[in-house]
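Two complexes come next, and they have one chain in common, chain A, joined by chain B in the first and chain C in the second.
And then the complex of A and B:
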């Protein structure tokens, strides 16, 4: 018998180590991002404390005046960094996006899973995937030239009629660039994510369960509503959380249609807003003019908060999808 | 009484399905409207000469941005593809199930980090701390971090689909694991790995946020310098030129979006073709 030569044994070992190093690179990147963003935000954390999360004024201070020293950090006089409007903007726009996207995505997934088959199903699935592949600036461009004018001229005035009942819908509608447009654009961006996951989950519902429902005399719709949807509930919540994380972290499309409001808490669904991601992209130019670099550190803290928020929703989502997937799998076996 | 109930259930079902079809139609309509808007405006404003002139002032051409985008993509794929493919091989072929689970989970977490955070990390770390300035390499590495999770995951999942029997046959011939991977197992998985890399390219092409503060922006054609030279890219034109008050700037933005969308659609078509071919073969 020919033995495995020692050269190929060494090659095997070298290969194993090399691939292992490559496999650890995502982990290294993740750790590096976390550490760098945290270290860079330390001066801002010291300077603002908890007021960073509750303050509503983002003011770089008087760049040409004297420096003031607070909590051991020097800053331009009058500088204050309050991120509340951006945290509110991020949460509000992403929640509006979810309110629109979740029903639309679930209904679309039901159609994809149960109502079309063969080539039609393939084509529709490809189209939904394609929607996920369109760059966010293109979404933003569409938002600027189609969606915002539509909201300003048609959809917004329609919604203001509801303002009598719900004060949050009261006008004026303005330019259409604002909370509503951001929410709509984000909804469109996360629909493919939620749809794809939900469709996969729905297709895993055991056929026996559905046949059982039909056998009991349920209508087609009742089978979907009372058997399939409850069956995939956990995974569905996970998919929604996944979409939420994506919506909170989205930058360019929101930056283009949000109206870039600074230091302004939204009063109505038409108010201009800014999200954390958009502020980071928008404000770095002016932050660079700060000789003390504190503004750059403040943006780093904003990035840290954003990263923590998205990581939490992501952890939750993965855990729920995983749990849902496991239950579904054991269901298939039974 | 019975009759009424039956009717109500029937009507409920009808309403449910109608709403579902409407939702699907809404999604498709939005997609169609978006593609139509970009194509229509793009065709109206796109000139072939734009491919050979650089951006200047309020308008000009796209040459610098196209070359810059290509350079950034090539740089990032040179780093991301080996890391992702070799990493995927490790997770699927060598790692114990526990380590594989951890790496898989953290990779997904990395793909969930907002792209602007990755861009800001690149700015703080590479542009400032390492002093590279706004540069191709900083932008390329930021894009690498975006692409890496996709490549790693698709490599791993397409290797996982290779039947265990093929591995055992390779080992049975006396191959080491290294030889088994490089001579046997990669073949059935090659299509899947290629689609992963192509999709990563499509994602990289469309990214803006990670490049804003790592690559900067330049109206000149990129030099091959890795650091200290800003570099232009297509998505920047879409974003900034649509904000200008001039018609010719808007035309440039539409054209850039048009070129981007065309390339991305093309990549998706190629990916589909590969997927179809491998599916037919099996």
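And then the complex of A and C:
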């Protein structure tokens, strides 16, 4: 009997091991990072308990004074770590970003997928993807130089007229650095990812169903609204969740335009804020000077909360998809 | 009631490729007209010009005149055209995210009917016309895609009928169906011609012989022969028609 040479059998083994390693690496990294972040946060979790999530004061304490011991953890006197303003800042800025970015992205995607053809489509697609490629710090710089002054002088004062109805829009507008500018810049940064994903989804809607709608006398917009968008709903929610995760985790640009508020809960759309990601980057230097290292542990806990929040929003999105999908979509897809 | 269709010098292109050459034919109201011919002969393109669907695809281009009754189809708004010229496609394509009820009701809702009981009446009426009502009346709100292929196709017929068109275009409506479902669709076509003008593209010559009053034979984008079905299948005037229907090619 003829046999396949042992060399190619060895190669197959190498191939299997290599693909196995590569395939399992995302899981390994995720678990490793999760474990490290969790272990690093343990002292802070012990020290603050649930007050970490509800406290509004973030104070590293007197680093040159005596240490005090609380819940078995030693810390500089007066140290307290309350992350609520950052959790609120993260959620508020990312939700504003989604409110702006999702409609813009969906309409852009509809146009890219159905309304333009040939070179126009290629150029527009490339532009959208280029937008995704701009480094975060460049967005931040643009935010400081252009966006914040524009918000302060023009857009902000315009919005304050809405303040009569919605208290959250009341002024003063201030420097323009704050919640609104953070939301706007985040919106710009997540539009490309949501647009590109939605465009790909819309392009996958079988022509059969779209022609079914057209043949029934639907207008282009009705076809999109009644047939295409419902068809891609699952993926669309996934795309939005992806964008949301990005917006919550985005650091540099937000840090530059947020106004870096510490110990301050936003009371209007113009209030300066900080997000969890921005605080971690912003505060790490000072935290490293804490001899007890508790400040670093507190930042690690902030990172843990951020990771959990991203996970929760992702699961929430998935759950929404699952719940909505079961009602109608139990049959096969053509 | 159905409307007659008059086609004059109709030409259609896919990009540079001319797929319909100078087609002229009169389609009688309330009759079944079959379009036969080998694959790629332009028969699908032809009926897709009659509800202005051909022009919606990239590089699809049409020239010539089509009249519905006395109205110029290409001077009308395409959306209005498709309301009076309904279409059933080759593969059943019920809207996958909608229930059986919604699939039929959607056209009515877009037409401005809001009243719930009126909607239900019209949906029932359309499903009865499509001979589907008895099979689905207990599960109207179940997903349309859970139906069998034959049922899905009859649902698509009901969907097209619900908006009360005058003409019904059918693009090989039975080609994806089993023989029993095919027979049901054919019976349906014969019943529907009382109220609609029906054009049916078919690959199946027996089918054309069974249901069509008139038959048109297309070859390479040209209308070779058009006339009474019985005459065409017994005494074809053109040699190419004879070759095709006797199975020499196609």
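As a working rule, the second predicted complex is superposed on the first by the 283 of 334 C-alpha atoms of A that agree within 3 Å, B and C clash if a C-alpha of one lies under 4 Å from a C-alpha of the other, contacts with A are read in each partner's own complex, and residues count from 1 in each chain.
The rule is simple: a contact is a pair of C-beta atoms (placed from the backbone, for glycine too) under 8 Å apart; a residue touches a chain by one contact, two chains touch by 3 or more.
Fair warning: this is a prediction, and the values are worked out from it, not measured in the lab.
Undergrad: Of the partners chain B and chain C, which touch A:58 in the superposed model: first, second, both, neither?
TA: Neither chain B nor chain C is touched by A:58.
Undergrad: If you stack the two complexes on chain A, which partner ends up touching A:47: first (chain B), second (chain C), both, or neither?
TA: In the superposition, A:47 contacts neither chain B nor chain C.
Undergrad: With both complexes overlaid on chain A, does A:117 touch chain B (first), chain C (second), both or neither?
TA: After superposition on chain A, A:117 lies in contact with chain C alone.
Undergrad: Going by the contact rule set out at the top, does A:231 touch chain B (first), chain C (second), both, or neither?
TA: Only chain C is touched by A:231; chain B is not.
Undergrad: Counting touched residues of chain A, say whether chain B or chain C comes out ahead.
TA: Between chain B and chain C, the winner on chain A residue contacts is B.
Undergrad: Which holds for A:81: it touches chain B only (first), chain C only (second), both, or neither?
TA: neither
Undergrad: For A:169 in the superposed arrangement: first (chain B), second (chain C), both or neither?
TA: So A:169 meets neither chain B nor chain C here.
Undergrad: Contact-wise, after the overlay, does A:138 reach chain B, chain C, both or neither (first, second, both, neither)?
TA: A:138: touches chain B, not chain C.
Undergrad: With the two complexes superposed on chain A, say which partner A:195 touches: chain B (first), chain C (second), both, or neither.
TA: Once the two structures are laid over each other on A, A:195 reaches chain B alone.
Undergrad: So, A:222: does it touch chain B (first), chain C (second), both, or neither?
TA: Both chain B and chain C are touched by A:222.
Undergrad: Indicate the residue numbers of chain A shared between its chain B interface and its chain C interface, in ascending order.
TA: Comparing the two interfaces on chain A, one with chain B and one with chain C, the shared residues are 219, 222.
Undergrad: Tell me, which parts of chain A touch chain B in their complex?
TA: Spelled out, the residues of chain A in touch with chain B are 2, 4, 8-9, 11-12, 15-16, 18-20, 22-27, 29-30, 32-33, 36-37, 40, 103-105, 107-108, 110-112, 115, 124, 126-131, 133-142, 144-146, 188, 191, 195, 219-222, 224-225, 242, 245-246, 248-252, 255-256, 277, 280-281, 284, 296, 299-300, 303, 306-307, 310-311, 314-315, 318.
Undergrad: Under the definition above, what is the set of chain A residues touching chain C in their complex?
TA: Checking each residue of chain A against chain C gives 117, 206, 208-209, 211-219, 222, 226-227, 230-231, 233, 328-334.
Undergrad: Quick check: in the complex, which residue numbers of chain C touch chain A?
TA: 51, 53, 56, 58, 79-83, 86-87, 89, 91, 93-99, 106-107, 110, 143-146, 156, 159-160, 163
Undergrad: Please output the residues of chain B touching chain A within their complex, sorted ascending.
TA: For this pair, the touching residues of chain B are 9-10, 12-14, 16-17, 19-24, 26-28, 30-31, 33-34, 37-38, 41, 82-91, 93-95, 103, 105-110, 112-121, 123-125, 128-129, 145, 148-149, 152, 174, 176-179, 181, 199, 202-203, 205-209, 212-213, 235, 238-239, 242, 253-254, 257, 260-261, 264-265, 268, 272.
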